[in-house]
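Following are the structures in question.
Across the two complexes that follow, chain A remains constant while its partner is chain B and subsequently chain C.
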Partner chain A sequence: MERSFFARNPSVMIFIGMLGLFTLAITVMSEAYGTSAISTSLVKTLGMTLCLCLIALAMDLVWGYCGILSLGHFAFFGLGGYMIGMWIMYARTEAVIVTSLANAPLPPTPTELNDAIAVQIFGVVGGDSFPWMWAFSHSLTLQLMLVVLVPGLLALVFGWLAFRSRVTGVYLSILTQAMTLALSLYLFQNDTGLRGNNGLSGLQNIPGAEDIPQAVTSIWLLWASALALGLGYIAAAWIMSGKFGNVIRGIRDDEPRVRFLGYSVEGYKLFVFTVSAVIAGLAGALYYPQAGIINPDEIAPIASIYLAVWVAIGGRGRLYGAVIGAATVSLLSTWFTGGRAPDVNLGFYNIQWVDWWTVLLGLGFVLVTLFAPKGLGGLIDFVIRKDRA
Partner chain B sequence: MRNFLAAALIALGLLALPVPIVAQDTDDPLQALLQENAALVANASRQTVQTVLDALIASDLPTVPAFLARWQARDVYQRSSDGLFVLVEDEDADPLTLLTLSTGQVVGTATSRELDHLRPNRGVQDLIGAALVQFQLGADDPAERTRALDNIARTPAASHLPMIADMVANETDPALRDTAQWLLTRLSISYGQDDAVRVSAIESLSGDLRVEARAALNPLLTTRTRVAETLPDNINIARVLTPGSDALSMTDAYAMLVDAGLAPPRVTATARRDALIANISDGFVGGAPVHTLETDAARMDAYDALVVAGLAPPTISDAEAATVIAAHVFFEQYNEASAIVTTAAADTVAAINARVTALEMVDLSLDGLSLASIYFLAAIGLAITFGVMGVINMAHGEFIMMGAYTGYLVQSLVPDYTVSIIIALPLAFAVTFGAGVAMERSIIRWLYHRPLETLLATFGISIALQQIVRQIFGAQARPFTPPDWLAGSLDFNDVVSISYIRIAIFGLGVIFFIVLWLILNKTRLGLEVRAVTQNPAMAASMGINPDRINMLTFGLGSGIAGIAGVAIGLFAQVTPELGTNYIVQSFMTVVVGGVGNIFGTLAGAGMIGFFQKGVEWLNPSNTLAAQTYMILFVILFIQFRPKGIIALKGRAAEM
Partner chain C sequence: MSSLLQLSGVSVTFDGFRAINNLSFQIGEPELRAVIGPNGAGKTTFMDIVTGKTRPDEGTVIWGERSVSLLKMSEAQIARAGIGRKFQRPTVFEDQTVAENLMVALKKDRGPFSVLFWRAEPADQTRIEELASEISLVDHLNTQAGILSHGQKQWLEIGMLLAQEPRLLLVDEPAAGMSGAERDHTTELLKEAAKTRAVVVVEHDMDFVRKLDCKVTVLHEGSVLAEGSLDHVTANQEVIDVYLGR
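Take a look at the complex of A and B:
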């Protein structure tokens, strides 16, 4: 019983080790700090993939461990992205405006500065002043707090309402899907304060780092993403390893029985759901500075369904499964849709993967669901059992 | 040939020279009449031309209308040499060939210098037009009379009033008389000889739903905002405005005072900034270094220094502005002078608006009903596969899409729109029934005990189907046109109307509902379906083959989605994404209504449809907001009734 947390969970050490090696390898091959073997855009793709792995981890917490199939996790992811995006847009626009007003005959007053920034940001949707939700956008600290608070609060309120009235299973899935649809429709409106369907753009230009080349900032963000993924993995493994984790798994397997044993099922579910939403928000906050743009389309229900599919393909109920699924499917998608996959000529028809990849992916979901319900992570069981035998 | 003709004509003219040319046309009484008033005709002005027009009309000559039309069209010329009024054969010819007014006979030629072109100005043209209208109104040809009424409707004038009154009394064509009556009302409102006539015309419009009725009344109620030191008497005041209220902000009130010359303009932030910039010298302005002027307070101080130095106009504080504003009275004045008329108009407009609002509620209910039937159609198949069987079929939307594409394909083979729809409906059922059965046999039957995983597998099918359709038909919308008898709309009045296609969709929804209810409750198949969904093992031991029943039920739900797809394809764009737009709403419809029963789906569709239309009515410009609120409403609703509007009780609920 006195064995350390890491000894009890060998997969954590293995995972952290592999993540560290991966990060080191990318750094050594990067344009900024190494041999330039891989391009900056690939570094960004890999960094974004790490963020997707992190949200897959969050998804696995609620679905794989607690049995709540959330089809709205990208709402939290997107909100995290919007929160950090607001600071980036504000700070970057402020820098541009200050520079352009530097040669004005009179130094600008705070009001003039603020108005000019507002016009610059909201001119595209016909606005000229800051909506209330931008009240903290000048401060990185406050916006970083919002990255955690906003998705967390949304999950807390939504979860409290849903779990309290015992909405479970498919109904909960449909409700979460409705939540993310409502949020994306709300953000699509031009007058709701986040620039409607234009979204927030230019997020790859980190304020205060204008003079540092993208090659370097992209590596920094990759490091940050890797760090977040590593910490998230340890935290998730830690939460799920003890007695608390057993209760959570118990809820997944037989909710009424856990309730009859005297546990506050709703409280446990709410905690896991909220923690998961916060992790998703953090993942989004790291993802969008690498993607460069966020718009309401990112929050559309289909993104969250894909997330569930990644976790299912990777193998839910095991943290590395979620990571494997997200990394495999999203990297394969990038490769196939990027036009780099070779065409297959069938003689009578030339299969171009840019078009047919989606079909392959869809059929892949079906096959994995039917024949490999444990997902790709299940293959690892196979290997380990062989060793023990 | 033309030149030869012209030469011949000139020769003719030369031959005729000895005879005074005037004499050629003076036997025409019209020409004679015009010569009597030659000065007034040639230099017609708005003030004087009426006497000529009166004389012409009084003469009762048959040639007068044609002449007036030419005159108004600036076709009449006067020969300088003898003052004869003529027409010309071809305006661009040189020399011009002159024709008599009445008979059109050639009376000679002249160069353009020898002629004065009569160019009646706009005011004169209008007066001629008014005079002309009475001839057109009396014309034998109804088309001519219609044209005259149209002309009056376009440019109504007081002078038309008696003519229209005559026409209303004498017109035999009922349609024309109605038009004339309507014009008479409009003219009486604007130009009635006294307030009583105008008020009775206004009141006759009470309850008239036409937009034109409101358009005729609203000009009476236009106001202009004015400012004065005391409220003037003897004018028709709509209301007195309080500065600082919603109707008139303090800023606007002060701006009115400035416009009226009752107060000096205030110094705006921009003006202050410009004044400061204009007075910068050696990095200082108003005694302060320029770089310190980065707050509003610092700028104020520097500006005050400029004022003291006499370099800028003084600022007016808010308190001073408020004092000036308080010393004046602001009010809205009706452009119409008569208070009796404006009161009557305001009452009538209020009555019309009340009626319009009431009817808009009716129209809104019809809209809600038709939206509800669309949701019902989209969701009814799902009510079977998800509601009865508990299978989450994410490919349901793609079945709807396949139905719509079936319609498109049939229509591209069968050109007759009516026939193609009659073929498409059963064919779409067959296609999606087949697709549903194939999917159930190959995928879903392995997953009955893992409902959340059917979601993933069917989602895979969904994106694959969508992409395959995109590969075959392309991403752009395909045409699927309703037949003509479904175009158009049923108009009850100017406010309430419903398009035939929506009625058809409503009818289809009703048919679906009845047929499904009969199948599920009155047939052997329905009995077996209910038995299998409640307890498959028990049903199997009673001799029912659950595999067969599941297959048929899923096929039925899918087939219905296909028929719904044909109906939806008639009004929506047929694209590969067609189904995606309906899938989330369909699931919500089923969940809100209550799973496992088609009455629930009906109730869910009704509630969602009416709620969404209701929100749209409150905020008509924003359908996105309506959808957002609708979804929020559904999320909240589920908190309070997790089992939906119509919850199953007892064993049936424990599937």
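Take a look at the complex of A and C:
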């Protein structure tokens, strides 16, 4: 009975082992630390994929385990990205301006410096001073706290209002779509303080690491993403392995029953939803420095719908399923829409994957739903059972 | 015997239809009580009211020594106050094992944070095994509840109720779909439980009710038609007309 958490959950060790091997393999093939077999841009794509796996994990917690089909998780992901992006833009711009003013006859006063940074950042939207929400952007520590706090608080308030009124099922999904749509429309405006549709850019230039080549920073970010995914996986598996997991799965399968056992279902949902939003925010904070740019388009409702599709294809209700789904589908999507997939010429019609990928994805989704309701992750059951037989 | 639960003048209307009509009901602790009545008499709705699922339009529902009103409490609060419920259709967590179902029901702190850090101690393990043997499922502790037979699910749900250690148990049609031997075992379980607490059993099967050997309340059209021993109520002409004589 008194076996350790890892002994009771062998899949966690297997996952961590595979993640470690993957990270090591990429490192020894990278331009920075190895044979240069793979390009820096591929390293970035893979690092970003790890972040997408992390948000898929967060999605699986709320949807696969707790039955809340959130179609707004990219709002939390994007907010995490914006929070870290603000610090990167501020610190980078500050460094550039300090250098350019180094030869001025008089050193700039703090106010002059601040104004110069503001003009540099907000000139593009016609601004020349810092909006209130940039109050902490000079401090990495404070912005890192906001990476957790902003998505967490949004989820807490949204969840409290929605769960308390017992909004469930498709109505809740629609509300989450409305939330992410509203946030994206709000951010699209130039005067809301986050540079409207320009978004935050140049995020690949990590402040303080100006002299370090992208090949190296990309590997660092890959390591950070792998670490976050590994820790997120362990945390999620631990949360779901005990009685808490039983209650959560009970809520998914029979909410009234859990209530009549004396558990306040709303509190549990709120807990899971908020934890999941925080994980999504962290994933976003690691993703956008690799992507280099974030704009309100990233928070558009469709992004969160894709997330649900990844998790469904991978297999919800099992953590590795979410990871497999996110990795497979997002990498395929990059390949198909990146213009590198060869066109298929049918003679009378030329299939261009950039256009037809969405159709293929939709078809895949329908097929998985019909023929493999447990998703790609369910295939692993199949293999294990064959082994035992 | 002081009263544990007391309903007075309770009425509920669904879309103009009076499912419960000026109902008054009272039970003490310990006591075993059978509630019978034709289909649609309001038996399940009565349980819905007590457990907070349905809010009455009028009337009072008073609980315990301190006479608190249940009407202002949520379902979860009512459950924590000591009222457990078995549904008419057996509802267990089909995706989880028998042991997990019982573990979730065990009387422990229900707050998310204490549940998060809770791990079964040997004493809890023993208690789960005890409960499982009471409901004849000790060989199925690691079986998924979904693949149990209908009768076994009914027992598991009763086991979950016992694990909650409620002061009042509301049991809706526990013998439905059970064989003769299974019924007898269920009777024993309920009678045993009623030695230390209040138990209300809704049942259609008269043989089953007879074996419970307790006071009977007959519901009809949302109010009490007769109350007393089984022989007393079955001799009542009105009861014969609306229920027994069908």
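Observations on the model:
Rule of thumb we're sticking to: the second predicted complex is superposed on the first by the 389 of 389 C-alpha atoms of A that agree within 3 Å, B and C clash if a C-alpha of one lies under 4 Å from a C-alpha of the other, contacts with A are read in each partner's own complex, and residues count from 1 in each chain.
Heads up, the rule we're going with is that a residue touches a chain if its C-beta (ideal position, glycine included) is under 8 Å from a C-beta of that chain, and two chains touch if they have at least 3 such contacts.
Bear in mind the structure is a predicted one, so any value in this text is a computation, not a measurement.
Placing chain B and chain C on a common chain A by superposition gives a fit, with no clash between them. Shared-chain residue A:Pro108: touches chain B; no touch with chain C. Using the contact criterion defined above for the overlaid structures, shared-chain residue A:Ala277 touches neither chain B nor chain C, since it reaches no partner. Of the two partner chains placed around the shared chain by superposition, chain C is the only one that A:Asp254 touches, whereas chain B remains out of contact.
With both structures placed on the common chain, the touch criterion links A:Ser264 to chain C but leaves chain B unconnected.
Once chain A of one complex is fitted onto chain A of the other, the partner contacts of A:Leu175 are limited to chain B, with no touch recorded for chain C. Applying the stated contact rule after C-alpha superposition, one finds that A:Phe244 touches chain C and leaves chain B untouched. Touch criterion not met for A:Met89: it reaches neither chain B nor chain C.
Between chain B and chain C, B contacts the larger number of chain A residues. After overlaying the two complexes on the shared chain, residue contacts for A:Leu185 are found with chain B alone; chain C is out of touch. Per the superposed model, the minimal spacing between any CA atom of chain B and any CA atom of chain C is 5 Å. For the contact definition in use here, the chain B contact set and the chain C contact set of chain A share no residue.
On the side of chain A, the complex with chain B involves touching residues 69, 105-111, 158, 161-162, 164-167, 169-171, 173-175, 177-179, 181-182, 185-186, 188-189, 301-302, 305, 308-309, 312, 355-356, 358-359, 361-366, 369-370, 373. For chain B in complex with chain A, the touching residues are 273, 276-277, 280, 290-291, 293-296, 299, 386, 390, 392, 394, 443, 446-447, 450-453, 455-457, 459-468, 470-471, 580, 584, 587-588, 591, 622, 624-625, 627-628, 631-632, 634-636, 638-640, 642. Residue ranges on chain A touching chain C, taken from their complex, read 1, 239, 242-244, 246-247, 249-250, 253-254, 256-265, 267-268, 271.
The touching residues of chain C, counted against chain A in their complex, run 51, 53, 74-77, 79-80, 84-85, 87, 91-96, 100, 103-105, 110-112, 115-120, 122, 125, 160, 164.
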